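For reference, the structure is listed below as structure tokens.
Going in written order, the chains are labelled A, B and C, and every chain counts its residues from 1.
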């Protein structure tokens, strides 16, 4: 899986993108398209990206003055519930965010419009996007979305807490043991500061260590669970060790007040979070104290999950032309650069990720690009991902709260997950 | 005699102590809500907790309006509440009068059947109701917020009890004067039923203002949401800003509190009536 | 002549009767009865994502009886009822009885106690969740001053349901108190006067006069809190998120229905749960109605 994004490193790609950029913006600037009109409802879940989207609309309307984009922001918790209800009722937004765990369900459910012809019409070259993410949104040979961004995981840390405790900042070549040591040194006895947030998390937590430990979440053929493998259990056990060492708030505490909130309140010295966290960091009063490093290596091996969101179009949308115009605009140069500049998310289009890194030069954002190029693994998913995701949380949280052993939790989970997979 | 007075006084003191501690338990959450709403984000999540903000931050209240269309949600909630109350008062009282005072075949059967609705939690109806509203092409509109709530079996039950307690002499007189049943209801009985209507109006207002599940599902666009759905949205945000959330909550509960402060007598009598008539 | 007049009045009763109940009946029919039959119908189907359905016979019901979560959910709900209903009743009778004396500031107390009843439960749950937060909440901080160790109010499966119950009772008491107080004030003074002459103390009067004569109101409050507690939803939904450790130990039947219908895309199964709860509530209400003759005193 290494080097999914090798193209990123290639200077050639950057140059090519630069050429494309000038060409594309020339087209956009010259002709305003007044033929396409209508109201496009756009549903998404991360409010941190609202400034980016609003800027995109501004630019988009210069080209398509007669298309109105109406925003439907949601919370993560309610997004999928509402999206499904709306899809059932036929009132789903015209364009909406999609992710890896849900794409198969929506594509097979006949909710999404294939965009192959749009890609052809607009002359979009899918090779300019991370291959793994393009493949993620290709179901049964049809393309349903282009990745709007990609994300990997890093360790965000609060320099002020490190300074106060006299602990050295982490470096990109650190190990899990380094992290555990630092976490212990940073933890205060009175519970006011903990070294790290070691709560249950999949994408920003155990998935990364499972891959680093040589395990897997789901088998290659997507027919069986990987949770009963000893390597997978080892990738979870290392987190439980942190819990047992008392260098993290308890699972219960992290559940009541999520680790990102605790981190931004100055209670956590280190926090495993995605590149998307930059948006929240930028609006926080702790901004100057925060930096980020690559994930530590586990037994000499590094791994991060890579994932990216896509923009999908509702199959029965009343404004297909306007929706397509909006989606291809979002996939284009201008929108990707806006995403980079606002820091909203790492843009997926070749060559624009650099601009994201440069948007905040005082931080080590390069680490996210390095990890995506050198040791990234695709987000594990099958047709009914959402269903076994529920079981993951139900079973593994008991291990994180130290109520049952990792082995028992994993065995139970593997059983339930295999049932779901067998029914697919 | 003296002893008795003393005993009475100790009794009173105990009663006061119990009542005052009850008052404390009732009001403290609201006080904490107010205090939190005036803190900065980092003040609100400090260990140990900060009781009083160093400097009250009123900007949290403005931030609510910046982050969600709170003004719009206010208007939506007000419109939806007013329409719901008005429609229930009219439709329920009309039907209740017919069930109480007019004789027509199937009256009892229809009435008892309608009451069966009371047995089923309203959330069970949500999905089919959602599909109906969708067929009517009303999703993401203001009418969607109140449509199913316009019809109330409970309201009909309550008002029927009320009409039944009114004497029939007036109606007989009205009938002799040539009034048809509708004009009798409209001109004579409805004014007499005012306490019952106030009571139902208060109950309905309380329900409509506070309803969460239906508005949450039926309208996805924030411009068409109610305050409750707006609060749920704020609570679900990734990085939760407690002071801002509490500022939103304060503003959401304020209108009913003010209304209650002004009309407390009607509120309390109205609620009390439901117990007596029910 | 006379007969004809009566029949004309009868005719107009029939005509206007139907006309006047028509709007309400039509509305209830469309928005409540049709959905009810739809739910009933769905309970015999597998209804997956995006309303894809196939006939399932009784398998949803069979699955329900085998589903351990369903049973724990049912037990949770019963537990809420067992705790919340008596606590609400006891506290609201206590407060009402105290406000039914000649103490000063009665109306002020009455107004304050009523405030929770008109506050949005969404907003109230938010503040309670924050108060109960184990790390940043004010409650644990205050308790720690008294040397009580940190309690995970909302995330510990053993305490979460108690926390929910406390909040629910807090929300209920003011409202029910008003109804009970009105009931108490409806009891004729003469009973108390003659009891006073017989030398009965306040407590005795309460036990021998107030309580027995209040039974119709108590019965009303009992039935309404019982039914509403069986349908408890908002508080849990707002205070305990769907990924919480305490999720299973705290979720009620209605919440489990909601999660199946909207989060797990199992609408057929959810419909079977709905029908099941409907039956339970019906049985309980019928049972209560029968039992009331044994203890409710209507001849005042």
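Everything that follows uses one rule, which is that a contact is a pair of C-beta atoms (placed from the backbone, for glycine too) under 8 Å apart; a residue touches a chain by one contact, two chains touch by 3 or more.
Just so it is clear, the model here is predicted, and its values are computed rather than measured.
Asks: Need the most distant chain from chain B, centre defined as the mean of C-alpha atoms.
Replies: The most remote chain is A.
Asks: Counting C-beta pairs in contact, which comes out ahead: A-C or B-C?
Replies: The comparison resolves to B-C.
Asks: Rounded to a whole Å, what is the gap between the Cα centroids of chain A and chain C?
Replies: Distance between chain centres, rounded to whole Å: 42 Å.
Asks: Cα centroid separation between chain B and chain C, in whole Å?
Replies: 15
Asks: Residues of chain A that contact two or more other chains, please.
Replies: Chain A, residues with two or more chain partners: 77, 85, 88, 191, 257, 262, 267.
Asks: Specify, in ascending order, the residues of chain C that touch 2 or more different other chains.
Replies: In chain C, the residues touching two or more other chains are 135-136, 262.
Asks: Please set out, as single numbers or ranges, the residues of chain B touching at least two other chains.
Replies: If we look for residues of chain B contacting two or more partner chains, we find 45-47, 127, 217, 232, 235.
Asks: Could you please specify the touching residues of chain A with respect to chain B in the complex?
Replies: 41, 43, 46-48, 70-78, 82, 85-86, 88-91, 93, 191-192, 257-258, 260-262, 264-267, 280, 285-286
Asks: Show which residues of chain A lie in contact with chain C when the two form their complex.
Replies: 77, 80-81, 84-85, 87-88, 105, 109-111, 191, 249-253, 255-257, 262, 267, 387, 390, 393-394, 397-398, 401
Asks: Where on chain B does chain A make contact in their complex?
Replies: So the residues of chain B in touch with chain A come to 40-42, 45-47, 67, 127, 130-131, 134, 139-140, 216-217, 220-223, 232-233, 235-240.
Asks: So in the complex, the part of chain C that touches chain B is made up of which residues?
Replies: 9-10, 12-14, 16-21, 23-25, 27-28, 30-36, 38-39, 94-95, 98-99, 101, 103, 109-124, 126-128, 130-131, 135-138, 141, 170, 174-175, 178-183, 186, 202, 217, 220-221, 224, 227, 230-231, 233-234, 237-238, 254, 257-258, 261-262, 267, 274, 277-278, 281-282, 285
Asks: Within their complex, state which residues of chain C touch chain A.
Replies: 49-52, 133-136, 152, 154-156, 241-245, 247-248, 262-265
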